[in-house]
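Shared between the two complexes below is chain A, which has chain B as its partner in the first and chain C in the second.
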Partner chain A sequence: MINIEIDGKQIQTENGATIIEAAHQAGIAIPHFCYHKKLSIAANCRMCLVQVEKAPKPLPACATPVTEGMKVFTHSEQAVKAQQGVMEFLLVNHPLDCPICDQGGECMLQDMSVGYGGGHSRYHEEKRMVLAKDLGPLVSAEEMSRCINCTRCVRFGQEIAGQMELGQAFRGEHAEVMSFVSGTVNSELSGNMIDLCPVGALTSKPFRYKARSWELSRRRSVSAHDSLGSNLAVQTKNNRVLRVLPVENEDINECWLSDKDRFAYEGLNSAERLTRPMIKRDGQWQEVEWQAALEYAGNGLRHIANGAGAEQIGALATANSTLEELYLLQKLVRGIGSQNVDFRLRQSDFSADGKQQGAPWLGMSIADIGKADRFLIVGSFLRKDHPLLAARIRQAVKKGAQASIIHSVDDDLLMKVAHKTIVAPDALVDVLTQVSKALTAEKQGQSGSGEAAAIAKSLAGGERVTVLLGNFAQQHPQAAQLQALAQQIAALSNGKFGFLGEAANGVGGYLAQATPGANGLNASAMLATPRKAYLLLNVEAELDCANPQQAIAAMQAADLVVAMSAYKHHATDYADVLLPIAPFTETSGTFVSAEGRVQSFKGAVKPLGEARPAWKVLRVLGNLLKVEGFDQDTSEAVRDEALKGTDVAARLNNAIGGVEVKAIAAANGLQRVSEVPIYATDAVVRRSAPLQATADAAIPQAWLHSDELKKLGVQAGAMVKVSQGQGSVQLVAATDDKLPRGVARVAAGHAATAALGAMFGTITVERA
Partner chain B sequence: MLSQQITTLIDKELKKYPADQRQSAVMAALRFVQDEKGWIAPEDMTDVALYLGMPQMAVYEVATFYHMYNLKPMGKYTLTVCTNLSCQLCGSGDTLAHLNKRLGIGLGEVTPDGKFGIREGECMGACIDAPLLTINNKKMCGRLTGEKIDQMLAELDGGQA
Partner chain C sequence: MKYLINLFKSLLLLELFKGMTVTGKYFFARHVTVQYPEEKTPQSFRFRGLHAQRRYPNGEERCIACKLCEAVCPALAIKIEVAEREDGSRRTTQYDIDLTKCIFCGFCEESCPVDAIVETRIYEYHGENRGDLYYTKPMLLAMGDKYEEQIAMDRAADAKYR
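Entry: the complex of A and B
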């Protein structure tokens, strides 16, 4: 610690800190544009010039380290003169078009100009003009003349997003921020550039000219999409969500937000929203009153419970449903005598049930991930499934951590990968077994050779080892074995292991007990042995289930399907009752993130039309069916009941025992490798028009190694017939020579592939 | 695709730098491309980026920052005329006017036959010979007069034929 003085105030600060950091710690504001605490120091805007005793000239506070006894003046004559001079220069080329600028009212330049600028301009010559750029559907660069060349967006791309899509081309007077040959910005974190831009050069395309910042009311919320639990500020006007911004939380999302969390709101008011309850009568859908719809659903369920038996009723929910919804759903189902309830719709191996000591979770805090020095990431489409966790791991790797990958595809993670083993899905267990063996040998001082040994060696050399199982591993048909092996590897390297987690409430589902009880059927079994009645919560059967063919067949065969959904989707083909429920911005609720953090939120707007929060719908259903204990008045009461007497931290436990690890014989033919594309994960995201216009939302292709394509006699770019089970689809063939041979990568969760079968297993690709 | 000659030259250049800092060779690599093709197309920048393992945009930044890189075809002989202060005082305006009269083109333009192009240059550090120009960034011609320029053009034209 060293002592300095800023504006006469004595401050103790860390050696190596810069003046601006010390000032901010002490609550002293220094104007700045290019400086950002999460980015490297550029010192190119010069706005933070301050006077330092004994320095002949003003110094940039962002780039000057403090020294013992330093005296800094931020408001002295010299400092003020420097700040005014810089301000005047910045405004030389900046258009004075604040009244029509989207940033007006939340613009750093505007604020600084009021604070440090002059009342009028002495510059009467022509201003520089910079042409507009098209950066894609999310980020608008329509008025690049407003850019003050702070390069925050460029540095964000390089340092946080891991890919340099924007750069500063040309120089001096002609310097401008642009992309390479007019390419779009495709990063899954691109929206943060909008927040970072201190002026109105980069603005949000979906939000443009929708509202002024001072007209918006803010509600805090929690992301309903990935498992991170990002903190959101939902901004609304006239009972409509107009924008979503991050709320800074250093332990979770820092100050960032993934594009999915940021732009998903555009799907909230989609034309597909279900706004009135509907019943199918004689094959025709009719809008009805709530009472009629609920009674229809209640009577139907009672009829089946009394006739065919309660075990003929199954309830399925997505892991994007709130804790309250999941809790009441399972309570309702159990109340009418069935144990068939599950939220793990894309999982295919349930053999860990009963062998697991607690709810599977991340195994550590999110902050811990940034501190780990060795990573083994198994079966994860890390960048797309967990954009901000990937950014955290990227930072750790930059600081010297080693990341090793075991997976069935080799996508660019935009970070240095120490070792990787890319094999077909049925070989994953074998690879992990080898790593575990190599690690045992390594501990006995015998270094082997090969990739498994290299991974083992990397892990053995670490102090804070982290083994992470991704969505692919969790959905894998041998998920329990992978879990047991990850546990073994983590134990051998004195590390931790955990699941990255599929969705916002993946842990909450376990805490809400929305899993089958003894004699109950899990999500897979409920569809494999069709039930007579299904209760669906947020589920789009053909997109959310591990095996869409099976799911649709089961739905169509059922006597009664009650679909609680915010959207009018393909449930119209198989359901009997559609109950409009509120998405996360229109209801209060709780999500439990991958790290086990319980975060409750309030509704930001009133439900659209006659939609109602699902917990209320379930409560009324419970009352109609005369089930005990459905008299909660608030969602908080439901939450408290769900978590009563539960020590959440104690419930989280990845430990698993009694799993026999056995390699399976290699399958004949092509094996399917499938991810759920980043913008196809849940109902809201699927209906966000801007997200669906991004490159990441392109129609899935059938990706194969070029050798496999050659064997089929198909050229990349040609149409192929992809079949699984009784269904087939036509897709464009594409080559990816980083894929292992013997696999076909065909995305799931997308309408274009919904006619196919399970996410894993054999798949046929032939010439169309 | 980068030609064999270019990659050989880049490989030689890479030996000057640590193995994990391949992007240090970007300026040289762009120079080799321009020497061979006369200009640097966006596809060439992509190739250089791939070869050196750096972002395309970073290559583009370098290529646009330095004015000696041609971002469009500038003729077989690119005449870069210095227009900075010393040359201006010593008559670079006359040089440009003379070239314009002889070739019928101005700054940033190329003759229809693609033989000559004229670019504006920055100080070449040889003000003692002002006014001056360079041919393809390789050969410098100083103390220019109308006759000297005519002679130079004739030599270039002759050498071409």
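Entry: the complex of A and C
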């Protein structure tokens, strides 16, 4: 620790800290633009000049390390004169048209110019003009003349997002920030550049000219998309969500937000929103009153329970539903007498049920991930499924951690990967077994050769080893074996293992007991052996289930399908009752993130039209069906009942026993590898127009190794017929030589591939 | 004795003459009453009356939808909706002033960075129906078009004091 003095205040600070860090710790404000605590130091705006005793000239506070006994003056005559001078120069080329700038009212330059700017301009010559850039559908660079060249966006791309999509070209007065050869910004974290930009050069494209910052009300919320549980500030005006910004939480999302969390709100007011309850009568959809719709649903369910038996009723929900909704759904179904309830729609292996000691979770806190020094990431489309976790791991790798990958595709993770093994899905178990064996050997001092041994060696050399199972591993047909092997590897390397988690409430679903009971059917079995009645919560059967063909067939065969949904969608083909429910911004609720953090939130706006929070709908449905225990008045009461008397941390446990690891026979033909594309994961995201306009939301292609394509005699770019089960679709063929042979990568969860079958298994690709 | 003095005073009509003196004084003095509506009081060029929206000489509306007037309005009488126009410029799609709420403080004019919203000298207007005094953007622009000459003269006269 060093003692310094800032503005006469004695401060103790760490050795190596800069003046601006020390000042911020002590609550002293120093004006700055280019400095950001999460980014490297550029010291190019010169706004933070301060006077330091014995220094002949003012020094930049952001780039000057503190020394013992240093005396700093932030408001002395010399400092203020320097700051005013810098401000005048910054304003020389900055357009003075704040009234039409979208940043007006929340602009750092505007605020600073009030404090340090002159009352009038001495500059009467022509101002510099920079042409607008097209950076894609999310970030607007219409007003690049406003740029003050602080390079925060450039540094963010390089350091946090891992790819330098923006750079500063030319010199001096001609310096400008631009993308590489007129490319767009495709990073899944690009929205953060909008927050970082201290002026109005980079602004939000969907929010452009929508509202002024002072008109917006701010409500705290929690992200309903990925498993991270990012903290959000939902900004609303006239009962409409107009913008979503991050709320800083160092333990979760730091000060960032993924584009999915940031721009998904555009789907909330989609034209597809269901605003009134509807019933299908004689093949025609009719809008009805809530009472009529609920009675229709209740009577239908009662009729089937009394006639065909309660076990003919199945309930499916997505893991994006809140804890309260999932809890009431399972309570309702169990109250009728059925045990068929599940939220793990994309999972295909349920053999871990009953063998697992608790709810599967991340296995550690999110903050711990940043501290690990060895990673083994198994079966994860890390960057697309968990953008901010990937950023955290990227930071850890930069600090010296080693990341090893075992997966079926080799996407660029934009970080240094120590070792990787890319194999077909059916060989994943085998690879993990080898790593486990190599690790045992490594511990006995016998280093082997080959990739598995290299991975084992890397893991053995670590102190804080982290084995992470991604969505691909969780959805894999041998998920339980992968889990058991990950457990083995983690135990051998004295590390931790866990699941990255598919959706916002993947852990909450287990805590709400929305999993089948002893005699109940799981999500897969419920669709494989069709039920007479289905109760769907937030589910789009053809997009959210592991096997869309099977799901649609089961829905169409059912006598009664009650769909609780915020949107009109394909459920109109097979459902009998559509109940409009509120998405996460319009209801109160709770999400339990992958790390087991229970986060409750309140609604930001009123439900659209006659939509109602799903927990209220389920409550009334429970009353109508005369099930006991449905008299909660608030969502908090439901939450407290769901988590009553339990220590959440004690219920989280990845430990698994009694799983037999056995290799499966090599499959004939091509194996399907499927990810759920980043902007196809849930109903809200699928309807967000700006996200759907991004490159990541492009129509899925059939990706094959070029050797496989040659075998088929098809050129990349040509149409191919992809078939699986009874269905087939036409897709564009594409080559990816990083894919293993014998594999076809065809995305799931997208309308273009919904006619295909399961996410794993054999798939046929032929000339169209 | 007192009775006699009072009697004497009333017989001589002293009170009446006193009163008539005042009347007579004002009868010959300069008259200050304005015979409205035939006559009108002189107005300052800073008079704050009915609102108008101005255009530039080329016909382009001045308002850039910065919403400062909406923010500053103490009576919350202004409502603005914004959208990007086809040419990419920031424009209002709705600009309403509820004159029944307005307190004619002139802050909107004061805050306007482009002199788009102004208060004219017009104070003779009325509404016969509920809603007649709810001025929309076309009405405000029409006022501006009609009185632009006067408005411009008044702004010019005030310019040196601003």
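Here is the rule we go by: the second predicted complex is superposed on the first by the 768 of 768 C-alpha atoms of A that agree within 3 Å, B and C clash if a C-alpha of one lies under 4 Å from a C-alpha of the other, contacts with A are read in each partner's own complex, and residues count from 1 in each chain.
Simple rule for what comes next: a contact is a pair of C-beta atoms (placed from the backbone, for glycine too) under 8 Å apart; a residue touches a chain by one contact, two chains touch by 3 or more.
Just so it is clear, the structure is predicted and the values come from calculations on it, not from any experiment.
Trainee: Once the two structures are overlaid on chain A, check if chain B and chain C clash or fit side by side.
Mentor: Superposition result for chain B and chain C: fit.
Trainee: Look at A:142 in the shared chain and tell me whether it touches chain B only, chain C only, both, or neither; answer first, second, both or neither.
Mentor: Second partner only, chain C.
Trainee: In the combined three-chain superposition, what is the angle centred on chain A between chain B and chain C, taking C-alpha centres, to the nearest 10 degrees?
Mentor: Approximately 80 degrees at the chain A centre.
Trainee: On the A-aligned overlay, A:281 touches which partner chain: chain B = first, chain C = second, or both, or neither?
Mentor: A:281: touches no partner chain.
Trainee: Quick check for you: in the superposed arrangement, does A:662 touch first (chain B), second (chain C), both or neither?
Mentor: neither
Trainee: By the touch definition at the top of the document, which applies to A:214: first (chain B), second (chain C), both, or neither?
Mentor: second
Trainee: Is A:99 in contact with chain B, with chain C, with both, or with neither (first, second, both, neither)?
Mentor: After superposition on chain A, A:99 lies in contact with chain C alone.
Trainee: Closest pair of CA atoms, one in chain B and one in chain C, after superposing: how far apart in Å?
Mentor: In the combined three-chain model, chain B comes within 29 Å of chain C at the C-alpha level.
Trainee: Where on chain A do the contacts from chain B and from chain C line up?
Mentor: Shared contact residues on chain A (touching chain B in one complex, chain C in the other): none at all.
Trainee: Enumerate the contact residues on chain A facing chain C in the complex.
Mentor: 98-100, 104, 142, 208-212, 214-215
Trainee: Chain B touches which residues of chain A in the complex?
Mentor: Residues in contact with chain B: 158, 163-171, 179-181.
Trainee: Using the touch definition up top, name the residues of chain B that touch chain A in the complex.
Mentor: 42, 45-46, 55-58, 60-61, 64-65
Trainee: Using the touch definition from the top, list the residues of chain C that touch chain A in their complex.
Mentor: 64-68, 71, 82-84, 88-90, 113-114
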